[in-house]
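To keep things simple, chains are lettered A, B, C and D as they appear, and every chain counts its residues starting from 1.
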Amino acid sequence: MSEHIVSPKVYLIIFAALMLGTGITVWAAFQNFHQFNIVIALGIATIKATLVVLYFMHARYSPGRTQLVIVCSVFWLAIMLALTLADYDTRPHDMTLAVPQVFYCV
Amino acid sequence: MHRTGDLYGHFQTLEQQKETATLGMWIFLVTEVLFFGGLFLTYTINRSAFSTAFGIGSNTLDITLGAGNTVVLILSSLTMAMAVWSAQVGKKKLVSIFLIATLGLGSVFLGVKAVEYKQKFDHHLIPGRGFDMKYHPAHPMPGDDPKELALEKKEVEEAFSHDPDINAHGQLYFSLYFGMTGLHALHMIVGAGLLIWLIKGSFTGRFTPQYNTPVEIVGLYWHFVDIVWIYLFPLLYLIDRHR
Amino acid sequence: MQSQLPIYPEQASNFAPHVDALMVFITGICVFFAAAITIAIVFFFFKYHRKESAAVGIVTHEDSRLEAVWMVVPLILCLAMFGWGAVVYVDYRNTPRDTLDVYVIGKQWMWKAQQPNGLKEINELHVPVGRNIRLILASEDVIHDFFVPAFRVKMDVVPGHYNTMWFRPTKPGRYHFFCSQYCGTNHAIMGGWVTVMEPSDYAAWLSGSSGGSGNPVVAGEKLFAERACVTCHVADGTGRAPSLNGVYGAQVLLADGSTVTADEAYIRESILQPNAKIVAGYQPLMPPYQGQLTEEQIFALTAYIKSVQSQPAPAKGSGIAPTGNK
Amino acid sequence: MSNTPPTSDLELPSTHYLNATYGSGIRSWLLTTDHKRIALLYLASVTVFFFIGGVLATMIRIHLLTPGGALVTPETYNKLFTMHGVAMIFFFLIPSIPAVLGNFLIPMMIGAKDLAFPKINLLSWYIYIIGGSFVLYSFGTGGLDTGWTFYTPLSSVYSNSAVTPAVIGIFINGFSSILTGLNFIVTIHTMRAPGMTWFRLPLFAWAHYATSLVMILGTPVVAITLLLAGLERMFHLGFFNPALGGDPILFQHLFWFYSHPAVYIMILPAMGVVSEIIPTFARKPIFGYSFIAGSSIAIAVIGFLVWAHHMFVTGESTYAALTFSFLSYLVAIPSAVKVFNWTSTLYKGSISWDPPMIYALGFIGLFVIGGLTGLFLACLGLDIHIHDTYFVVAHFHYIMVGGAVMGYVGGLHFWWPKITGRLYPESLSRAAAVVLFIGFNLTFFPQFILGYLGMPRRYHTYPPEFQVLNVLSTAGASILALGYLLPMIYLTWSMRYGKVAGKNPWPATGLEWTTDSPPPTENFHVTPEVTWEPYDFQNRPDLGLAAGTRPLAPAQGDD
C-alpha cells in the first residue's frame, strides 16, 4: 500500500477554510436567526470537522476500512442522540414537568 | 516480546505493523466519540430544558479568549499535519520544529483555559456550595466592563423572576462546561505528553519516510482533540450571544 | 378461588383478561418452538449417535430457501405479538375522559393516596368497581413504581414528573399492590392493599370517613386565601390574573398564541413556575412557588381549582380560548 | 483409533508457553505479554469474582426460604443482590469468555503469534484489577445497595452505602473492556495468517468480532454516565437529580444504551463457543456458516437499537415505546437463525457424547427458554404486568447464567486440553453438565411463575403465597452450586493428574488444534497456511478420520 502524501499547500488551504469557518461562526452567533442560530453553528462545526477528518487526518486517502470505521462512529452517535431525543420529543408534553420538548426551546 | 529494529516480533512486515497501529488508533477514536457523545446528549437535554440559564451562563464566558483559543488549536493542528508531512518526505529537522510548535500552541491553549477557569472561580461560578449566579453582578471585579456587567445583572434578575431555581439550572450549565472542557483539557494534557515523547524521538532522527507511524497516529489523536473543540466552542460559548 | 399453587393472579380489572390472553398466545407460540427444537435435538442426539470412532457426518449443504423460511416465519409471528401487545399498551397509555381521579404519592417507604373528596389513606387504596380510575402519581424522593398484579398494571413514579395510570376494577375484593421499582432499604415493604368496593359501599365509605379538614377542596380553598391567590385570581375575572372558574379541562390561550389543555400538570406548573406559560392578555406578575408548597398542598390547590367549575361564568374572561381572545 | 485417543504414548511437549522463555516465576506472569498467559491471569481473577458473586447468590437464596426473610436485615439483603449483580455482570460475565477464552484462542485460531497490541492486552488486565480493587473496597467498606443499575436519584443522592468507589471501579473497568475489544477487532483485521479469509474464520472469531463492536461502541457511554452519576454524588451536581433540575430518565437512557447491548457481550461469545463445539462433535461442517456469522453481526447492530425496552413503564413516550418494542422483536430473528442452524447441524451428523457436547446442547436448551421469554418482555401489553418482577429475573438468568455461563464452562471443557495439555475425568464431567442443567432449571423456572403471579424483584420479604415456589428455587440453587463446584474441583485436579491430551484429542478442525498442547509461546512453530474451509472433516486427512465413504489415506499429520 503506497502512502499518499498530502502537500503542504492543501494543508494551508484547509487551514484557511477552518479560519474562515471560525469567523463565520462567531459572526453568526451575534445575529438573531431565531431557532436557526444553533443549526448554523452546528452546521459550520460539522463542515470544519469534516475538513479536519478528510485532510488533516488523511481519511480521504485512507483505505475503505478506515472510512467505514469513521462512518460507524458517526452512525452510532446518531443512534444514541436520535433515539433518545425521539423519546423526549414525543413525550406527552402536558404530563412532563422538568423537561419540555427539545427542539422548540433550543 | 522481541523486536528487530522498529518491527515487533509478532508482525510479519513494517507495513502490517503500521496498518495495525493506525487502525488501532482509529478504533480508539471511535470509543472517544461515544465517550464525549454521552456528555453531548446530557448537554442537549439539559440545554433544551433550561435554555435561559444556559444562555446566561454562556454569556458570562469570554468570547475573545474562546475564539482565540479556537484559532490557536486549529493552528496547532496545522503544525501537527506539517510534522507528519515532514516525516513522510524525510525532512528530519522540520519534524522536530513542527512538533515543538504544536506543543507550544497546545500549551498556550491550556494556559488560556487556566485563565478562564480562574475567572470563573473568582466569580463564584464553580459548581458546588459557593455557586451563585448573582454573586458577580453584585461584586464587580477590577477590569470588568460596566456595560457587560449591567447586562449580566439585568439578565440574571429577569431570569430569576421566571425561574426561581436559576442557580440550580445555571449550575447545570457550568457543571457541563467544566465537565466538557475539563475532559477536553485532560485529552490535551495526554496529547502534550505524547508530543514530548515524539520530540525526544525526533531529535534522534527516528522518523523517516520508512518509519513514521508514531508521528502519524499521535497526529490522528491530536486532530481528534481539535474536532472536539470545534464542537465545544459554539455549544458552550455562543448561546444567545445576539441578545 | 386461588388453588394451592396458582399460576396466574386473580383477574380484577379490565386489562387482566387482555394481558392473560396475550400471555396464553405468546406462551403457545413459545412452547411450540421450544418443544420442536428440543424434540429435534434429542432425536438427532440418539439417532445419529456416533457408532464408529473414526466416522464423520454426512455433509448437508446450506440452503438459502430454508434459511429464508426460518427467518420469515418467526418474523411474522413476532409482528403478531408486537401488534397485539401494542394494542393493549396503547389502550393503557390513553386514559379515558370520565375517570375518577386519585392522587398517589410515593415516598421512602410508604404510599399516600388521596381520594377526590380529600380522604387520605396510607398504604391503602379504596376504589369503586366498574368505574375508570385514574391514578396521578408523584414521588417525593426516588423513583418508585405502583404495581397491582391483580389489575396487571404498573407505572413508575418518577420525581419531577407526573405519571398517570388507569384501570377499571371489575371484581370487588382486596388485592395486593407493591412498589416494583427498587427504591432503597424498605422497598419490599412499601406496599399495601387495594380494596375494590361496590359503588354504593364506596360512597358510604367515603362519606362515613371523610372529615371536613381532610377535604382537599376545603384545604385548597383555605390555602387559596392564605397565600393571597384570591387577591389577583378574582372569580369574576376582574382581577390582575385570570379567573380560575371553569379553567380545569378547558383550552387556555397563551400569550405566544398557542393553547394548552388546563390539566393537573398545567395547573401544577402554573403554580410552581407561573411565567413558563403566560395566559394571553395578562402580565407575568405572579411569583413562583417552586419549593414553597408540598406535593400535598399542590394537590389541594389543584382540587380546589377543579372544584370551582359550576360558579358563574367570568365577565372579563379567564383566558379560556373561545372567550379569552380579545 | 478409539474415541478417546490412546494416551499412554503421549507426552507433553518439552517447552510450551507455561514453562518456556521467561520461566515460570511470578515476575514472568505479572510482566508477560503472551496472550495465553494473560488469558490465564484473567481466568484466575474472574474465578475469584465468580466465587464472590456465587457466595452472595447463595445467601440470597437462603434468605428467601421464608416469606419473612431468614438470614439478614433488609439493608444487608439489598447489599447482597447489588454486590451479586455488580460482581457477576461487570467482573465475571463481561470479561469471562472474551478475556479468557477469546484472549487465549483468537490469535491461535487465525494463525497469529499474538494479539495486535500485546502490551495493551496486559494493560487491560491491570486496569481490570485496579477497577476490581475499587469495587472490592466498596464491598468491604459499607457495601453497595443501589442495585447494579445505579438508578438515580437513589444512587446519586439517597443511598448511604459506598457508591462512589464502586462507580469509580466500574468506570475504570470499562477501559479494560474497551481495550480488549479494540485489540480483538484490530487483530482480526490485520493479523490473519495466509489463506485465512474472512469466510474461513471460525465462528468463534466472528462472534468475538461482534462482541468487540459492542464493547468499543457501548462501554464509553456507560463509563461517562457512571462518571456523571459519581460526580453528581460527590459534588451535589444535578445532571440526573430532579431536585436540581436534572432528569432521572436521562440516566436510564444513557445507562441502557450500553447495558442492554452488554447482554450481547455476554451471550455472543457463548454462541461462538457453541458454534465451535457443535460441528466438532457432530463431525460435519456447521449448517449455514454465513448465516451464523452474519447473525452475530446483526445481533450486535440491532442490539443497539432496543435499549429503551427497559423503560416501557417509566412514562416514556408511547411512540418511543412502540418503536423500541418493534426493534426488540427484530433482534429475535438472528437469534432464532442461530438455533435453527445449530439444530440442523446435528442432522445426519456423527454425534459423540463428549462432555463439551453435553454442555453445548444444554446451552441451546437454556438459551431457547431465555430467548423465547424475551418475547414476553418485548411485548408492550404484557410488559406492563411482568416488568420488574421475578419474570425478568428468571429471563435474564436464563440468558446470562444458563446461556453465557453454560457456554463458558462448556468452552473451558472443550479447550481445556489445549490450555493445559491434559484431559479431565470424562464421566464425571458429563454428570456435572447434567447436574448443572437440572439445577439451573429448578432454580429459575419457578421464578417465571413467581413473576407472573406478581412478585416484584429485589424483595427481601414477600407475601406467604409465594413461598412454595421460592423454596423450590432455593432447592434448585443448591443443586446448581454443586454443578459449579464439581468442574472447579476436577478441572483443578486434572491440571496435575489428568491424562495427557495430545495435539487434537476430539479431533477438531480449527487452526489452534494443529499446534502443540499446550502451545509454544509463539503459538506455531512455522506460520500456518490455511488451505481448507472451516469445519471441513472431509478433506483433512491429518485428522485421521474416515472421510465419508471414501477410503482414507493414512494419517499424515506433521506430528
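Here is the rule we go by: contacts are C-beta pairs under 8 Å (C-beta built on N, C-alpha and C of every residue); 3 or more make two chains touch, one makes a residue touch a chain.
Since the model is a prediction, treat every value here as computed from it, not as a measurement.
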{"item": "Required minimum of steps from chain B to chain C, each step between chains that touch", "value": "1"}
{"item": "Identity of the most central chain, Cα criterion", "value": "D"}
{"item": "Chains linked by the largest number of contacting C-beta pairs", "value": "C-D"}
{"item": "Whole-Å gap between the CA centroids of chain A and chain C", "value": "39"}
{"item": "Chain B and chain D: spacing of chain centres that average the CA atoms, whole Å", "value": "38"}
{"item": "Mean-CA-position distance for chain B and chain A (Å)", "value": "16"}
{"item": "Chain B: positions in contact with at least two other chains", "value": "19, 23, 27, 30, 34, 37-38, 41, 45, 49, 165"}
{"item": "Numbers and ranges of chain A residues touching at least 2 other chains", "value": "65, 72, 76, 80, 84, 88, 95, 98-99"}
{"item": "Multi-chain contact residues (two or more partners), chain C", "value": "160-161, 163"}
{"item": "Contact set on chain C toward chain B in their complex", "value": "273, 275-276, 284, 288, 290-291"}
{"item": "Complex interface listing, chain B residues touching chain C", "value": "161-165"}
{"item": "Residue numbers on chain D that touch chain C, as the complex places them", "value": "1-3, 74-75, 78, 145, 147, 149, 151, 153-154, 157-159, 242-243, 247-249, 282-285, 287-291, 312-315, 318, 321-322, 325-326, 329-330, 332-333, 336-337, 339-341, 343-344, 346-353, 361, 364-365, 368-369, 372-373, 375-376, 378-385, 387-389, 449, 452-454, 456-463, 465, 468-469, 537-538, 544-548"}
{"item": "Residues on chain A engaged by chain B in the complex (per definition of touch)", "value": "1, 3, 5-8, 11-12, 15, 18-19, 22, 25-26, 29-32, 37, 41-42, 44-45, 48-49, 52-53, 55-57, 65-66, 69-70, 72-74, 76-77, 80-81, 84-85, 88, 98-103, 105-106"}
{"item": "Touching residues on chain B, where the partner in the complex is chain A", "value": "15, 19, 22-23, 26-27, 29-30, 33-34, 37-38, 40-41, 44-45, 47-49, 51, 63, 67, 70-71, 74-75, 77-78, 80-82, 85, 88-89, 219-220, 223-224, 226-227, 230-231, 233-235, 237-238, 241-242"}
